[in-house]
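Note that subunit A is present in both complexes that follow, paired respectively with subunit B and with subunit C.
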Partner chain A sequence: MMVSFIIYITSLIMIGVGIAILLSSKNLIKYVMALEIMFQAGNLLFFITSISKTPPLAEPRATMIILISVEACTLAVFLSIILVLYLRFRSLDVSKLRKLRW
Partner chain B sequence: MIAAYILCALIIASTIMVYYLKNLFHALLSLLFMSTFIGILFLLFKAYYVGVFQLAIYSGAITILFLAILFFVKEEEERHGFKMMILGLILAFLIITLAFLAFKGFTYPHYMVRGESVPSILWRDMALILILQSLILFSSILCVLFIVRERILK
Partner chain C sequence: MIPSLTYENFSLVFIFSLIAPSVIIAIARVVSREWAERYAPITSLFFLALALTLTIYLNPFKLVSLHLSTVTIKAGYLSKLLIDPIGAFFTFFTLLTTLIIVIAMLHTRGYYSEGKGEIALMFSILHLSLLGILLVYLSSNLLMLFVSWELMSICIYTLILARREHPLMIEASIKYLILSSFSSAFLLYGIALLYMVTGTLTLNPKAISTVTVHTSNIKLLILGLILTSIAFSFKAAIVPFHTWAPDVYQASLAPLSAYFSAIASKAGIFGIIRIITSYWPLISRIGVIKNTLTYTFTAMALTSMFIANISALLQENLKRLLAYSSINHMGFTLLAISCLTPLGFVAAVFHSFNHALTKALLFITCEHFELIKGTTNLKDITGIGRRTPTIGVPLALGFLSILGVPGLNCFLSEYLIFYALVQAKQYIPLSLAIANLTIALFYYLRPLNIICIRRQSEEKSRLYAGIVIALFILCSICILIGVYPKPIFNWLNNIKIFLEQILTLK
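Moving on, here comes the complex of A and B:
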């Protein structure tokens, strides 16, 4: 129980750091890194539900396998959008990308 | 279980390093360390399939994707002012507290069966989700090609 509590605190800290990066940074790549951190924190939360019982539950692990690959797809799409934005605007500073606004 | 505590401390440290490092390559390195430590944590608890997926996809594929982007981009990170950083930390603390309070009433669903293997659940109960996942993979490949083709392939 103690180990799962420590992992839970770890994942919460990861979510907190991800939100702090999202709010404090201006770089789009840092945004995607923050999203990845928060994805992995979510995976850790799934993992806690798996290891808290003996014998461990298999359903959260099966869900995690699916989640990991779907998150990889999401990140690939984000990174391709970032690449196109950089080639077009020559900057990844969100405060300079004013043409994207409505 | 001391190894689990050490791994958790290393995960937290490398996450905080992602926040502090301004050079994007260095931030990517510490992100790589973080995902590797998480993969080792999964392997430590005998979640072999998940650990291998974590190491292969997050530590391998995603890091290489980030590297490919960073070869194009030559930028240092700039940050908002001190106020936004304080706001971010306060919001993060609030969310952590709320999530901590919400987790107190958590109960496990009754339909979860113990002691089953991951592949049997994947191919029996989650077969439809697996097919949907393959569709998502395929559509994301098409999406990336569609986004990039205008600027790169011309």
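Moving on, here comes the complex of A and C:
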């Protein structure tokens, strides 16, 4: 019970950190890191569900493995589009993208 | 007569018809770029027609009779796909609209990208994203929903970047990428919370009605529902999560904007409907959740209608104006959902359908302007509708339809939404929605005046066969539904019967 509570608090902190980086940073690579942290916060919750019973459940762990691979795909596409941006503009700063405005 | 096909075989054939075009086109591109570029649209069209024919087997009437009998919802679970009347309806109109959009893309090679063979890749990715969207409609558990959601999102990031060197497209893609990927992180967290509380990933309301929730977990349940709804409303572009929509719809190519606005944003609306109907046994058991959801959705819907309408008044670009109109209508749909009654959900489903058809129509006319002039700024396309009535008449029809003129399709669904609001006794949102329709009058009639009524001395512009055919089909469907809505109302009535069954589960 104590362990799962600590993990739960950790996952909440991780979500908070992710949102804080999203709001404060302008660097795209930091966004990638924040995204990864937020995805892992979700995975931790699955882990809590897995250890809530004895013996530990297998279904949440299988789910976690599928989710990790899906997240890897998302991050790969994210990084490749960042690369396209970098090759065109030579910058990773989001605040310089200001053409599409009214 | 329809030849018989078991549901297991059906889902195999259906998913094959969705995966096959993307694989075939990708392989063809490796073999011969010339060949792939020439035949990609035809291949795509063929498989879309096949899939659309197969939706006959989704058979809404039979499904409802199955639900009505003692077998109930379990019969809707067919080889890992949850096929219910709402999902069947969304699948049907998604395939129909995509088919028409692909027809509009037939005769316009070279417009989509500079490189040779790029159009083949684009069609391949388009079909993958379509697969993702349709699997969202047919997914039976939250894990499958998340995976198909990510498939859809990833493909859309790359679709926006149709021309790799184009600075506006890169910017739109990055903006969408950041917001959308963070929304998927929220979705994952929400799913994890729901799983922690209920101990199951299923989306079957019958199975969820057997779950008991400890009183200390109610807050987590609310948080999970709100987080998943937020993630879905990101995709549906509802205020305050709408900031990507005008940029993306303006920057990407017009037929792809049609695809995003008419089809991809409906996945968000569907997600909200699905998560509420599936978790309805828990929501109805605990009154707090019901009120929280109603208030949240009403507030989001009304703010998105007001902000979108007021921003749309100031736009000079037709595609950006249509994007704000799209946000407005998504808010309108969410307002129907916020009633949390069967009629409200049916109105939302019907409005999604009508909005998909009409927005596809308007964005396809934008494609014509882009091909002729290379831009959709209102001052550059003045008077084109008057010179070429083949484009001008459908454009006017689309604007009138989306305005809610009686006799065209959107009027019926807007009427249904108002009726649902009256039935749910939500008079203040109702009056604010009617006020919004009045504001909408101004920004719909202004481009109509500029494009279709103002004179500009200019020779007749050339026409593209694909665009004309697509516009003709869409116009005839819009008028047909407006004049003779009986078949579609029969179908909606079945959805209503199904929803009434679900919403009585305790």
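Throughout what follows, the second predicted complex is superposed on the first by the 98 of 102 C-alpha atoms of A that agree within 3 Å, B and C clash if a C-alpha of one lies under 4 Å from a C-alpha of the other, contacts with A are read in each partner's own complex, and residues count from 1 in each chain.
Keep in mind that, in the parts below, contacts are C-beta pairs under 8 Å (C-beta built on N, C-alpha and C of every residue); 3 or more make two chains touch, one makes a residue touch a chain.
For clarity, every value in this text was computed on a predicted model and none was experimentally measured.
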Between subunit B (first) and subunit C (second), which, if any, makes contact with A:Arg61: first, second, both or neither?
-> first
Examine A:Ser50 and indicate which partner it touches, taking first as subunit B and second as subunit C; both and neither are also allowed.
-> first
Of the partners subunit B and subunit C, which touch A:Tyr31 in the superposed model: first, second, both, neither?
-> second
Partner touching more residues of subunit A, subunit B vs subunit C, is chain B
Scan A:Val77 for contacts with subunit B and subunit C and give back first, second, both or neither.
-> both
Determine, under the contact definition given at the top, whether A:Gly16 touches first (subunit B), second (subunit C), both, or neither.
-> first
Of the partners subunit B and subunit C, which touch A:Arg88 in the superposed model: first, second, both, neither?
-> both
Is there a shared patch on subunit A that both subunit B and subunit C touch, and which residues make it up?
-> 15, 22, 34, 43, 49, 52, 59-60, 63, 66, 70, 73-74, 77, 81-82, 84, 88
Residues of subunit A that touch subunit C when the two form their complex | 11, 15, 18, 22, 28, 31, 34-35, 38-39, 41-43, 45-46, 48-49, 52, 59-60, 63, 66-67, 70, 73-74, 77-78, 81-82, 84-85, 88-89, 94, 97, 99-100, 102
List of subunit B residues in touch with subunit A within their complex | 1, 4-5, 8, 11-12, 15-16, 18-19, 24, 27-28, 31, 34-35, 38, 41-42, 45-47, 49-50, 53-54, 57-58, 61-62, 65-66, 68-70, 72-73, 75, 77-80, 84-85, 87-89, 91-93, 95-96, 99-100, 103, 108, 112-118, 120-122, 125-126, 129-130, 133, 136-137, 140, 143-144, 147-148, 150-152
In the complex, subunit C residues that touch subunit A | 143, 146-147, 150, 153-154, 157-158, 161, 164-165, 167-168, 170-175, 177-178, 181-182, 184-186, 188-189, 191-193, 195-196, 199, 201, 246-247, 250-251, 311, 314-316, 320
Subunit A - residues contacting subunit B, complex = 2-3, 6-10, 12-17, 19-27, 29-30, 32-34, 36-37, 40, 43-44, 47, 49-66, 68-70, 72-77, 79-84, 86-88, 91-93
